[in-house]
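Following this line, the structures themselves.
Below, chain A partners chain B and then partners chain C, in two separate complexes.
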Partner chain A sequence: MTSEIELISLVLFAILVVTAIGITRLRGLYGAVMLAALFSLVIACLFVVLDAVDVAFTEAAVGAGISTVLMLTVLALTRAREAVTPRRRLWPAGIGSVLTGGLLIYGSQDLPAFGARDSPVQRHPITEAYLLESQNDIGVPNTVTSVLASYRGYDTFGELAVIFTAGTAVLLLLSYVPRHDPDFERRKLLLADYRILRVVSKILFPFIFLFALYVQFHGDYGPGGGFQAGVIFASGFVLYGLVFGIDNARRVVPRWLLRVLISSGLLLYGGVGLTSMLLGGTFLDYDALSPSHPVMGQHVGILLVELGVGITVAGVMTAIFFVFADRRVLQ
Partner chain B sequence: MTAPSLVGSAGGVLVLVGALVTLSGGVGLLRMPDFYSRVHAAGLTDTAGVGLIALGLILRAPDWGVVVRLLFILLFLLLTSPTATHALAQAARRDGVRVWTDGEPRR
Partner chain C sequence: MIATHYIYWLIIVLMMSGLYIVLSHGHLLKKLIGLNVFQAAVFLLYVSFGKVAGGTAPIVAPGIETYSHPLPAVLVLTAIVVGMATTSLGLALAVRIFREYGTLEEDEAIVAEASEHTAA
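Now for the complex of A and B:
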């Protein structure tokens, strides 16, 4: 069994290396973006091999899914071919990457062997606490969710704040749209002439949103949660924008609604923390939400916090796609 | 041979055939002369190859939950893969990529 897993990992790593070399060699940037998506997908497979399904899910949804679309939208604004860099200017960057790679490989010598029994992760008492006591404290079958949303609620709050800040920054930088300048035209990202694409995507929309809701609210029991669900929601809107045009998508999710969504998710998360403080606990201590029945409080807290994550992530991803697709470029 | 193991080995055969179809699709992607025939080869791996593998896995599934999930995946793939192949070929046609005829060099 171990050797089978080793074989699979070896093959996946080989594909990874070949893909990485391919990305550096390609001049056509559309191809490079596609290879980058493949890279993410292979990494997601590696995470599955390592039994980290939640991380694999996020990597597949974010790396292979939404970031590929965002990169393609950017390429629609710029040229799709890489400029040729003179060879002598490649040397400093090349030496830098070789040095960094060498340092990383040198540093990896200190890591414990793959699956070692006496690694710090295995010996530290916190592992025991997370894996065993979380079932009594929180009662959520998926330990990843209880670590992410409850034990490490602060960290996740910080992550959400980072996403919020990034989204706000992109909106501030790109929201300005010169309205009636004849020199600037919006690149057409319209695929509505493709009749089959239109029909099939119409069939798919309800299922995409249903699946996003499932991932959002089933995160306590299986892989999934707010981050993945938010990205799936956003990909539904992005697909709509791609197929039916950005103006029609704007009518479905107008600008003000996106701004409200982006901030309300973070506010919901922080609000849960403040509520638990007002009820006599510490910040993000969900036990305080239901003092007589702490497990119930944990469930409610995790549900609300994950909902906040999902709303903000969906809003930020959709908004970033919209502002990129809305850009007008010099014809 | 008992019935469940018969179903299981039928599933194994389906997975194997699916893998062969996928392999032939990969060979086709490398060997076919122009864009349209290469898209055809790639579409083969998407629908026939993955479809057969999913069907085989359904026959070998340990319980009904897995069967239902695999059926959903199969349905999704049967809907999306041909659509993607179609969109790709359509986009090439709009871009004016000509169809290869016998005797021309590979493109």
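Now for the complex of A and C:
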């Protein structure tokens, strides 16, 4: 690692530590949430320094974007100020963290040196397979995508199922019977009444969705893929909901459509797996999709699977935001 | 030792500040933020194992020999989105708790629940 990069990461770490201290000290929770967003953004920069560009992309979209908006909407539903933390809590927590940290640092001495070329991770034969053989077997330059969607397709299927389950659970926890409430209609203040916000956000929407499509379908060649694209799609709908109100956003993306999207992405992923089984391969073995030309099969499989990921992630994130942002949820 | 391992130690410091937030604060939303800080630091530790000195992002291109390992990136990438989904589940539970007890402070909620029991 050259010294400039070392310097950059040290500065980023310093910002992170100060931000974490700020989060513990602040009693106003809006401030704490904004600091958490800053924390995510700086962590994303560190991921870039560590060569994990796909991860940085996801962290920036999720941590600094959607997650912040969700926390703010929850603050709007609850109280935004925290009670003074009693002193009796601080000491045990401090001692516990320092002890755990000390043990971890003691244990970290057994780790290979940072960035070493001969660490077990780098020497393992799988490294060769993912970086070199994948170019012949799958033909996708971004090895993160080929590992995510093909080599470790089972893993990703499981993760998508977790996202699906968590999203469904949130909808079940906060669902309510929609009813007409004239008082609610009068009380709500639309950001769309501010002309600049209205016009600028309207100009932005096509670009947000275009960018999401680019990220979705260009993930084979550059950083990106279904997870990132899904979050970017959702952030477009979140922006719409924030500016034009949740009722208008629901008119654009109705409840039934979100439910269909959430489940159809996961079904598409599983369906690709079942199709490859029906064609004589194993579950999620994309070679079977095009026996005469396995690389073609891999391309088609990865494309469909990533599309499934994108659809479910976009659906879950949008649905979660809608259900949090709907103030009637409290009644 | 210091020159080769200090990155791990910095990550552990971040991890522990997340743990400290979770343990010391009684407000449930603050605890969730702390959990996210802890989580992000764990992701950083994972990704740091894949970094090779002088390497570049694992997107194969002609003329580049050294790549960092793609596997930690894949595991962490999906984990971030899953972490977001589970965090929102935690937030939904917090909203329900607020609706039930009128507070998000752990101590107050416990007191409210205890008095409910004695009343019944």
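Assume the second predicted complex is superposed on the first by the 311 of 331 C-alpha atoms of A that agree within 3 Å, B and C clash if a C-alpha of one lies under 4 Å from a C-alpha of the other, contacts with A are read in each partner's own complex, and residues count from 1 in each chain.
Here is the rule we use: a contact is a pair of C-beta atoms (placed from the backbone, for glycine too) under 8 Å apart; a residue touches a chain by one contact, two chains touch by 3 or more.
Everything numeric here is computed off the predicted structure, so don't read it as measured data.
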Combined model on chain A where chain B meets chain C, clash or fit: fit
Partner chain(s) touched by A:210 [first = chain B, second = chain C, both, neither]: neither
Partner chain in contact with A:200 - chain B first, chain C second, else both or neither: first
Touched partner set for A:252, first chain B, second chain C, both or neither: neither
Partner chain in contact with A:170 - chain B first, chain C second, else both or neither: second
Partner with the higher number of touched chain A residues, chain C or chain B: C
Geometry of the superposed three-chain model: angle at chain A (Cα centres of chain B and chain C, steps of 10 degrees): 90
Nearest Cα pair across chain B and chain C, whole Å: 16
Chain A partner contacts - residues on chain C that touch it in the complex: 1, 4-10, 12-21, 23-27, 29-30, 32-34, 36-37, 40, 43-44, 47-61, 66-89, 91-96, 98-99, 103-105, 107-108
Complex interface listing, chain A residues touching chain C: 1, 9, 13, 16-17, 20-21, 23-24, 29, 32-33, 36, 39-40, 43, 46-47, 50-55, 58-59, 62-63, 66-67, 70-71, 74-75, 77-79, 82-83, 85-86, 89-90, 92-94, 96-98, 100-101, 104-105, 108-109, 111, 113-117, 119, 121-122, 126-127, 130-131, 134-135, 141-144, 147-148, 152, 155-156, 159, 162-163, 166-167, 169-170, 173-174, 221-223, 225, 227, 230-231, 313, 316-317, 320, 323-324, 329-330
Residue numbers on chain A that touch chain B, as the complex places them: 191, 194, 196-197, 200, 203-204, 207
Residue numbers on chain B that touch chain A, as the complex places them: 76, 79-80, 83, 86-87, 90
